[in-house]
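In what follows, chain A forms one complex with chain B and a second complex with chain C.
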Partner chain A sequence: MAVSLKETYELLGCIQCGRCTAGCPVGFRTYLNVRKVVYEGLTETGPRDAKGRPEAWNCTTCSNCTDRCPKGVKPMELLIGLRSAAIEKGKAMPTVRDALESTFKHGNPWGRGRDKRMEWAEDLDVPVADEGEEAPLLYFYGCTPAYETRAQDVAKSLVRVFAAAGVPYKTLGTAESDCGNEIWRLGEQGLFELLVEGNTELFRSHGVETIVTSSPHCMNTFKNEYGDLGIEALHYSQFLKELLDEGKLELPTPVEKTVTYHDPCFLGKHNEIYDEPRDVLNAVPGVTFVEFDRSRERALCCEGGGGRMWVEAVEERGERIAEIRVNDAVALGADYLVTACPFCLLTLEDAVKTSGNEGKIEVVDLSELVAMAL
Partner chain B sequence: MAEDKNEQREGRERAGGAGGRGEGDRPTTGEDPEARGDQRLGVYICHCGVNIARTVDVEKVAEAASRLPGVAIAKTYQYMCSDPGQSLIKSDIEKHGLTGVVVAACSPRMHEPTFRAAVGEAGMNAYLFEMANIREQCSWIHEDREEATDKATDLVRAAVARASRLDRLTEREVEVTPEALVIGGGIAGIQAALDIAEAGYRVHLVERTPSIGGHMAQLDKTFPTLDCSACILTPKMVDVARHANIDLLAYSEVEEITGYIGNFHVKVRRKATSVDRHLCTSCGDCIEKCPSRVPSEFNEGMAERRAIYTPFPQSVPSEPVIDRDHCLYFQNDGKCGVCAKICTVGAIDYTMEDEIAEFDVGTVVVATGYDEFQPKLKPELGYEAYDNVITGLEMERLCSASGPTEGEFAIGGKEPKDVVFIQCVGSRDETVGNPYCSRVCCMYTAKQAHLVREKLPKANITIFYMDIRAFGKGFEEFYDRVRKENVIYRRGSVSEIYKKGERLVVRGEDTLVGEPMEVEADLVVLATGITPRRETEELVKQLKLSRSADGFLLEAHPKLRPVDTPVDGVFLAGCCQGPKDIPDAVAQAKGAASSAIAPMAKGTVMAEALTASIDEDLCSGCRICVSVCPYGALAYDEEDDVSKVNEALCKGCGVCAAACPSGAITMSHFTSEQMLAQVVALIGGSDG
Partner chain C sequence: MNIVVCLKQVPETAEAEVKLASDKKGIEMEGLPLQINEADNYALEQALLLTEEHDGDVTVVTLGPDSSDEVLRMSMAKGAAEAVRLAGPAFDRGDPVAIARALAAAVKDLEYDLVLTGCMSSDDGNTAVGMALAECLDLPHATYVTQMEMGDGEVTVGRELEGGLIEKLKMKMPCVLGIQTGINEPRYASIMGIAKASKREIAMKSASDLGLDEGSVGEEGSRTKLEELAYPPVGEGAEILEGTPAESSGKLAEVLREKGFV
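Showing the complex of A and B:
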């Protein structure tokens, strides 16, 4: 019954060119060599799950390997498949197991109760749709902005911006559940499908037409992995760009800062949204924008994706990529390192501390930058 | 194998259907009331070795055929297309007085001409022959033997129904205009034009840019022998300019082309050069004084040319042209005019207008070449971000003594210490929709590495590659030589280029070491591939050519007719048909030239016997047919208020017959009666 990896992941197209490994950000950071994993799969000489090939947990699912493979092989999906196989056999690492269990029980991977999900909004006037109430424009704030103190600033800033622009949005309050993006990438396809089912039903019951998300990860899965959901999924940078273009959002207060922008993988590489965040950023008066050398399609991955928030990386080496990123930003003379993703925000901010750059630079989410300009 | 051999026996006759009657005197076994007269058809089912016989029970098909109305004999044979197979048909025609022949075998595209010729030799009109395709349309695509046999039986029954209604037709001879058109003046077009001209025929050579030469003119040395490209190309360009039989139309484009083999009518737009070529002495003074500077296409934008220019010093024709889009006189309402003041012979003519040249030709050679792959489609390689990441053609210009640096090997004024080449950029790459190999990059990279080594003995030269393809004559030897010049080949692909300080960092994997790696470089050369020429769509449409899946122009048969196209009288040469190096482009050009010469040498071609005819009593004069005919073969006659066919122009495509709302048009060989009988027999089933 077991279908071989080479069939499931169509590995026979691989010519072992190594482009996947060459572009893999964690290939330089750990001993993950994704080409070799493909080779083991196609020659059937390697382990069939991530237990035997633990580097598979290091993948950030940035998709460089899959995007650039000249032969249409999808190495990233193979790695996710290896994770799945490990999970199925109950061989996932404890941190991952906990995150999955928490998502199953509480609808978030952070191990926190559902009742706490709206704590971030406590002192704010955030509209919540009652059961069955229409919510054509839904703000899906997401798990990380709900529970992680620093990431809460993203949600808080956005609702301020929405209010300033008079946006008729609603949230689902504590009824909101994990989007599933990271769950699918951690390899728990069964749980992912449950989430898709539950969320789809929930969105339909509220007559949702457009979802605006805090995180590129949520937007990605709604847009690309929810089948024919029939709902437009936008990252907030796209939505703010629309508001600005329509003249509904005004940013009168100058922010006299030099800023650079870090492309989140799930906004950029996965969804080719490069211009909107830059347009929004440049709409903030006073801002001097400097571009990273490694930007857009060549942007570095911060190592926060693919469920890596809940993974203990296996056998690390070299410099943390987020630290390289921060150092580059400092060298550019930036006051703010702006990004547009809660995971990037957390990893980069942490890297400011570990790289000894505290006081030299601040990591700021695009939503915060916009809120400063209100 | 033994089994196969066993089957190789004489064609077995299956005469007289169920009974064992002798075939000679056997009367028609069934009734087909509408079939013409007393039909005596011969039906031949081919085994095609095992190609057909493996999946189709050919004996059973023959037996069923033998019982069909009008069928005199039905046989099977191992290879119908073989000489004995054809002899079998010929002797049967004589012996049995056959009135028509059906062969059930491969596609008529393969062997219809063979069998038509065979029946013709036996004195039968070739158009009384009919073919059923039971290979491509049956045995090759099915697995179930029983069902395949049933389908083959159906196809044969349909073919027999049609064959019993076929008419004798005669082909017409058409004269061939003894002139040829060559489109594109790269090395392929140049060679084709010279060969045709040498054979004594007039050639019109149309080149879009101000000079012939194509990409070969941009190359420095050529692999694997390292001849200087210009040194071997320019003599040929001069030959073109001098040849009495060649009408060179540079700075021109084909505007319209109609007609068919033997008689194409061509309109060429000669763009206004603004320089009177009869007066100009090519002194070049005007070019020197022109104040408007434009990135030079010939130098891949790495140097400037003027608005009045020749693309390169040895351009043919040698007279300059004014690029009106950049000329100050044209852009600023007549302010400037420096060139006119400088020109002592008064050759500058700002009022010159485009001209249309019109002529007829018998055959056409298409040699429109290729475009280099655009590396901006692979943004991860940083081509647009960094000046010192360059394409293959830019590298050619950089190496060339006539290039922007006069062959000085400098990047930003400094000699590079570390040079990295990356193979397969835009080739063998599905992410950019180019799955094919460009065939020249492995060797031109080796060549360029050699040229770097010649100029920079101390530089570190690294080549990242996926596979090295050194398949041509002298190629492997050249590859061996270059490696030994201390050029390091690292087996692995590159994914990304970025900058660290002033230097480039190339991220690849050395797959033999099994580790990702970063190599620093001052210069990165992308081995950009060969892609189908953009901006030939209009031409391709007008000539009714097709493209293969890779976007290059489609040849008539990938192995046996590599220079022909599906359109009679139109041939392909050079990279328009697929990536190739200069020797292959020249070889194909010579092939295309000889194919283009053949009908001219013969003087006539046989024109289609299949033509449309109009029943004037039924024609309502609506003229729909006139508007749909792609060959202009129909015209409306005011006096009789009907459309009429010019049989000389009609190619028998049948579009008009399908479009006519009154059903007034009959296509010979594909009459409604013939087609309907075929369809009815097919869907009617064995008892229908």
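Showing the complex of A and C:
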């Protein structure tokens, strides 16, 4: 790298106030100190890649630090840059390497074959656009709901909801590929660009006008990082809200449960979508909604983002944040901890088990809650 | 220290339903991603680690179709200095010895202290090219190498034997080693790195470039000939557990308990 970290990430503005570190969800349970990383970048005294600074892999890319910085410094981008520098040297930990190689070969980071991508839809009537066939309204189900058995419930629920509302959607079947959101955050910019190119061409060949995604992560990258894609990208919570407002989706079956809602970082903090999921949730009859103390822009991150699904966290200590979240939800008296992201679903559900709360609370995706009310 | 690594590109079949091609001489390749043979990837990494530590260059050599350039580029992205591909119809359908003969003709003119190969290929699984190559080059050879310690003009290798045993051999260099998976942790080749490597030259060698008599390589130079590939006959005693993952894993646990495995 010819240009210094200081110049690339405009670190000179930093006044070392420490707001970034104070808001960092992993700072108190790993030795990632993002203010220090900025300082050492600024003074050129620190390692120049994540190989020399392995704690950079702990960042969940929740963007708290970048959002909170009063001087417009971008600490999160610096951390991703350190990952990139390591990736360029081939220094990716084996789990990350495997996820990246799998994405290149199979179009998904889970090491699974492309021809198995639609197995989730096997017994369901899911419309697939043939090559070149118009698909103005595309449901982009995503890699994790395609392959991860628990997350498959998200896709399965959504297609039931779409069918009930008579939505004229299509999927791309096994031609769908990874969106690249996590790939970019793992620091593999070259692979990200390849995915952007391939996906853009694919969407255009189907005349896509609107993409509805299962995951906030896919929506985020389509909306914010695909350049002049010219396609509206919606998370399904936004889309369901529209369907409810237009009277196209009816939810007649009461779900008599006390429910709280965990804001996924890529829906909330990254895209300021706080109201739609709550509106959809409250449209389910019978639901009693209780709000977390730390919600909306103050919500805790579940630690499932930023490629962390494929990262072995470096020197963690103490309670996982997802466990704190689950304990808080139990204390609120919630039957269901609802979220709207496949990664949150997996990390929170895992945390129910590891925090000894099995049987006390269930983690439910918003799509599942809505499907229950059909 | 200079090292030559012989490697090949193979289809990835772990996730695929493998179907025989209509002529039964191969499998249907459509839709199968191509990649570096797994053990060869470890051989390449081992060569890169050694040359990083002891100074020197890695040259990668393959025999294969145009698509194999991809594994050579990936190798260069990871740090290989030179790449050679043996190409041309004369090499087609060679058996392991004919392939080794061709590789030996390319390797003998290179400068090297070690020749590394993967210990076996994941497609044909003959485990033979490395040994035959050593024979053609008249060099000592060891298979299933999981440990290497460099000495002065010699290398001490650990070979993986059955039952967790390791056989230690002291070998004079140059020698040919068949590297076993797990000896190291292969690095990642970034897409940017591969794109940069695609501008670098790959030395193409035909049989005549290498001074090889066409009858000595490829199908003509082979003493064995592939007659036909076939599916193994369906055996008995297998039980397919039906149901959702939760149900079938429950049934599996029951079976394991019943049979006294847990």
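To be clear about the criterion, the second predicted complex is superposed on the first by the 373 of 374 C-alpha atoms of A that agree within 3 Å, B and C clash if a C-alpha of one lies under 4 Å from a C-alpha of the other, contacts with A are read in each partner's own complex, and residues count from 1 in each chain.
Here, a residue touches a chain if its C-beta (ideal position, glycine included) is under 8 Å from a C-beta of that chain, and two chains touch if they have at least 3 such contacts.
Keep in mind that this is a model prediction, so the values were computed, not measured.
J.: Touching A:G72 in the superposition: chain B (first), chain C (second), both, neither?
T.: Only chain B; A:G72 stays clear of chain C.
J.: Please work out whether A:E88 is in contact with chain B alone, chain C alone, both, or neither, and reply first, second, both or neither.
T.: Only chain C is touched by A:E88; chain B is not.
J.: In the overlay, answer first, second, both or neither for which of chain B and chain C A:G27 touches.
T.: The answer is first: A:G27 touches chain B but not chain C.
J.: Looking at the overlay, what does A:D130 touch: chain B (first), chain C (second), both, or neither?
T.: A:D130: touches no partner chain.
J.: Which partner does A:C17 reach: the first (chain B), the second (chain C), both, or neither?
T.: first
J.: With the two structures laid over each other on chain A, which partner does A:R112 touch: chain B (first), chain C (second), both, or neither?
T.: After superposition on chain A, A:R112 lies in contact with chain C alone.
J.: When the two structures are overlaid on chain A, which partner does A:E188 contact: first (chain B), second (chain C), both, or neither?
T.: Only chain C; A:E188 stays clear of chain B.
J.: Mind pulling up the chain B residues that touch chain A in the complex?
T.: Chain B reaches chain A through residues 379-380, 382, 385, 424, 428-431, 466-467, 491-499, 507-511, 514-516, 518.
J.: In the complex, go through chain C and note every residue touching chain A.
T.: Interface residues on chain C, with respect to chain A: 12, 14-17, 31, 33, 35, 78-79, 185-195, 245.
J.: Show me the residue ranges of chain A that touch chain C in the complex, using the header's touch definition.
T.: 87-92, 94, 96-97, 100-101, 104-106, 111-116, 149, 188-191, 193-194
J.: Within the complex, which stretch of chain A touches chain B?
T.: Against chain B, the touching part of chain A is residues 15-24, 27-28, 33, 35-36, 64, 67-72, 293-294, 296-298.
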